[in-house]
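Each structure below appears as structure tokens.
After this come two complexes, each holding chain A, first together with chain B and then together with chain C.
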Partner chain A sequence: MIRLFFAAARFQVLQMRRSPGDLLVLVTLPLLSVAFLSILVESGDRDLAPYAVVGTAVMSIWSIAVFISGGIIDTERRGGTLEAIVPTPAALSVIVVGRIMTVTVISLLGLPESILVAWAAFGIRIQVVHPAVFLLTLACTTIAVVGTATVMAGLFVLSRSAQTYQNSLTYPFYVLSGAVVPITYLPGWLQPVSKAVFLSWTSELLRASLLTAQPSRVPFQLAVILLLGVGAFGTGLLMINRVLNRLRRQGTVGQV
Partner chain B sequence: MTTAIRDHARVLRYASMSAIADFRAIYTWRTWTFAWLIRILCQVSLFALLGRLLGSPGKTSFLLIGNCVFMVANTATQVISSTAWERMAGTLPLLVASPTAPFWVFTGRSVQWLLDGLSCSTVSLFLLAPLFDVPLPMPSALLAVPIMALTAVSTYCFALVLAALVLRMLSLRSLVSSLSGLTLMVLTGVQVPISFWPTPVRQLAEVLPLTHGLQAVRDLLAGDALVRIGGQAAIEAAIGVGWLLVAALAFRRFAEHGRHDGSIEFGA
Partner chain C sequence: MSATDHSIIEIQQLYRTYRRGKDEPRKALDGISLTIGSGEIHGLLGPNGAGKTTLCKILSTVLLPTSGAAKVAGHDVVADAAAVRRLIGIVFGGERGLYTRLTARQNLMYWSALYRQPTSAARPRVEALLERVGLKERADERVELFSRGMKQRLHLARGLIGDPQVVILDEPTVGMDPVAAREFRTLTGELREEGRTVLLTTHDMAEAEAVCDRVSLIDGGKLTATEDPRTIGRWLSAYERVTAQGVPASEIARLEALPGVVSVRIQVPDSILVETSAEGAAAAVLRLLLDAGVTSMSTGRPSLEEVYLHVIGNRGLVIR
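Let's turn to the complex of A and B:
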């Protein structure tokens, strides 16, 4: 199983090298960073730059999860290769998780990229003041993103218009996750919904790791990210197996 | 002369009908309303919330209006991708071989994005402005709709130029489409006044679509004189016409080049 996982991860690296369009978000990220940072700089609020940096990074991580990781099974199906994968002894869920893990780790590059843009475009130096919090948050977030993307991979394969749903899963989640603007600025009725989105905890912790104030309740927040991620992961695995069984039963593995 | 105009109008009409058919294939009214429109409302809200984070009602208003109008331009840039779909579908050789210039076909072929963008921008402006306490002077605020329509058309003309270039490099269609939208977002006064940027960037913004159309909407909602608003709208229209001429040349050059070296293939 571990060999299969790493083989899938390696395959994903090779595939992304051949399809640079998969990393489109990382190419366009500097312009989005500049858009957010320019608002803060023009208003004389340079000290809020970590909000923009964390915001664009979280947005890129989520966007890549939705468009690339979420579409992994659907892409195989549309390409006609899912039919060849399904009858093999290799577990599809392990292949999917290995590939999603690779995509997620690559998507984390958005964070250093965003920090670099702040410095290059506006001379703003962002420092990681609490490196342990920073690294632990990234680790837990990676697990949660993989879990959530697994659910999406299962869901999108059933949809006739996955791209419509992929498009609409971006900005609503950027708002709910407090990626740029903390969730305390959202209407009261929306804040409990935000708490169920793991990215809202990620955004808060990442911002805290870049600010001088001592972060509070770190273990609790990390535990929530992990809990939401593991919950999603379990649901995702269940969903992939059920979807696969349904496609097999209906004889539509190769149909789009 | 009259016959030529009538022929071009007929081609535009049929191309527009195909565009609308495409749009119906992409969205149902449910997916448009509950998936796409909600996404657009969230995008505008995100930037308006940033104004609240900054504790400035003026900034909230600036960002809300800027991003509402930006939606019409951003949606219009989708002509870049949808023009490329035509080549991917393998129908381009037939178009190039037909007696009509491809420019007329492609000008009408993606008009669905104009309607889509204008609908999104209009709903965003009139729904979100009251929620974020941004005053809309009625009934004059309704004039924002035709100005946004004009902005959509001028951005569409600009994006047609990029679409003609992308027809040669199909793999870049998504990248060019995204980058052009984001460039307009950064440079044309959507998030910050164009005076924020250095002079060369400001000069570039002056000839890009959206800059003057957006300024006209801002002036309108600020209650400025109609002469000033009309002046900005006229500049936006002139910029649109300029880009449309460039687009006509770019499509003609593309077709001539393709005929010359046989590089326009059947199928992607």
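Let's turn to the complex of A and C:
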């Protein structure tokens, strides 16, 4: 199983090297960072730069999760390779998780990239003041992204127009994660909803790790991210098996 | 059953119905029963839409049957799919099913990992397979640059990467040039020598005759007959067709009167098509035409549909 996981991860790296379009989000991210940062700089709020940096990074992580990781099974199906994978002894769920993990780790590059943009474009030095919190948040977030993307990978196969769902799943989550606007600015009725989105906890912790103030409730927030991620992961694995059986029953494993 | 006495594929009353929305359900398999012996090369011959691919998909666990049972080496394809997957290799025809942005070697290395082969064992196996299917020189080219025939060769290599006991080949020579198709026949013989069982679907009667130990005819989801490949050969020669130009009108009646001639049809002005249904009849037609001074003529093998019409129409549904 571990060998298969790493084979899937290596395969994903090869695929992404041949498909630079998959990483377009990381290419356009600096523009987004510049836009966010320039608003803060112009309004004299340079000390709020971590909000912009974390916001754009979270947006890129989520965007890549929705469009690349979420579409992994659907892409296999459209290419006819799912029909060739099913008769092998390999567990599809392990392949999918191995590939999504790779995509997710690569998507984390958005964070250092955004920090670099802040320094290069505006001379703002963002320091990781609490490295342990920073690293633990990234680790828990990776698990949560993988779990959530696994659910999406199963869900999108059921849809005839996965791209519509993918498009619809970006902006609402940018808002609910606190990437675009701090959650405290959202209408009161919306704030509890954002608590069910693991990225809102990620945003909060990542920002806290970049600010000098001592972060509070770190273990609790990390636990929430992990809990939401593991819950999604379990649902995702169940969904992949269910969806695959459904496709086998319907005779649509190889159909678009 | 041939090759060995014990069966490796057992199919009992297999049905598969497709339902699409409000459309009438379509029966793709209609109560098929078939037994294939270990080490046998079994041909599944039928026109497009006959149910060949559906049967292959069920045997390879890609598709669930509506009812009935199918076993590979005693393992049920539904209840024990994991065990079946360790034993089979499948090659679907067509251009899909490969990672076109990767090279042939990268494709095979990845597929070998899906068959749980450690890298140290996979490397020599991949090299051997690339050599075997004639892709060694192009192994590091991206698959998207390959011709259809080369992709088909890569499909073959992929189907063999897991060292399968049972190889299911669904229209494996689609897109191959004649030379590659001949090499494929040699490869099939090698698979037999290695003791593998092969289920080969095709609509090419000459291919079925050349490589198979037994051939099952399938149409409309039903198995209509299981024959010795020599019988297929006899059909090919018995139902030969003769096309000729410049045949005097007076000779048409004489042609129709020849034993074994089924019909003489005028296709376009000055061209006729003679259909036969007995061995040697085509030779008699050619002699008559030559004696009548006709020099522009050719013979052709019958299409699968024509043979079906003759064979099934003549003797009904017989399973031997």
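The rule is short, and it goes like this: the second predicted complex is superposed on the first by the 255 of 256 C-alpha atoms of A that agree within 3 Å, B and C clash if a C-alpha of one lies under 4 Å from a C-alpha of the other, contacts with A are read in each partner's own complex, and residues count from 1 in each chain.
In this text, a residue touches a chain if its C-beta (ideal position, glycine included) is under 8 Å from a C-beta of that chain, and two chains touch if they have at least 3 such contacts.
Small disclaimer: the values here were computed from a predicted structure and weren't measured.
Trainee: Looking at A:G80 after the superposition, I want to know if it touches chain B, chain C, both of them or none. Which is it: first, second, both, neither?
Mentor: second
Trainee: Go through the superposed model and pick first if A:T28 touches only chain B, second if only chain C, both, or neither.
Mentor: A:T28 sits against chain B, while chain C stays out of touch.
Trainee: State whether A:R125 touches chain B only (first), chain C only (second), both chains, or neither.
Mentor: After superposition on chain A, A:R125 lies in contact with neither partner.
Trainee: Common interface residues of chain A with chain B and chain C?
Mentor: Common to the two interfaces on chain A: nothing.
Trainee: Which chain A residues qualify as touching chain B in the complex?
Mentor: 21, 24, 27-28, 31-32, 34-36, 38-40, 42-43, 45, 48, 51, 161, 164-165, 167-168, 170-172, 174-175, 180-182, 185-186
Trainee: Applying the document's contact rule, which stretches of chain B touch chain A when the two form their complex?
Mentor: Residues 26-27, 31, 35-36, 38-40, 42-43, 45-47, 49-50, 52-54, 56, 59, 63, 171, 174-175, 178-179, 182-183, 185-186, 190-193, 196.
Trainee: Can you check the complex and tell me which residues of chain C touch chain A?
Mentor: 16, 18, 54, 57, 60-64, 82, 85-86, 88-90, 92, 94, 96-102, 106, 110-111, 113-116, 118, 142, 158, 162
Trainee: Inside the complex, what are the residues of chain A that reach chain C?
Mentor: Touch residues, chain A against chain C: 3-4, 7-8, 11, 14-15, 18-19, 79-81, 83-90, 95, 245, 248-249, 251, 253-254.
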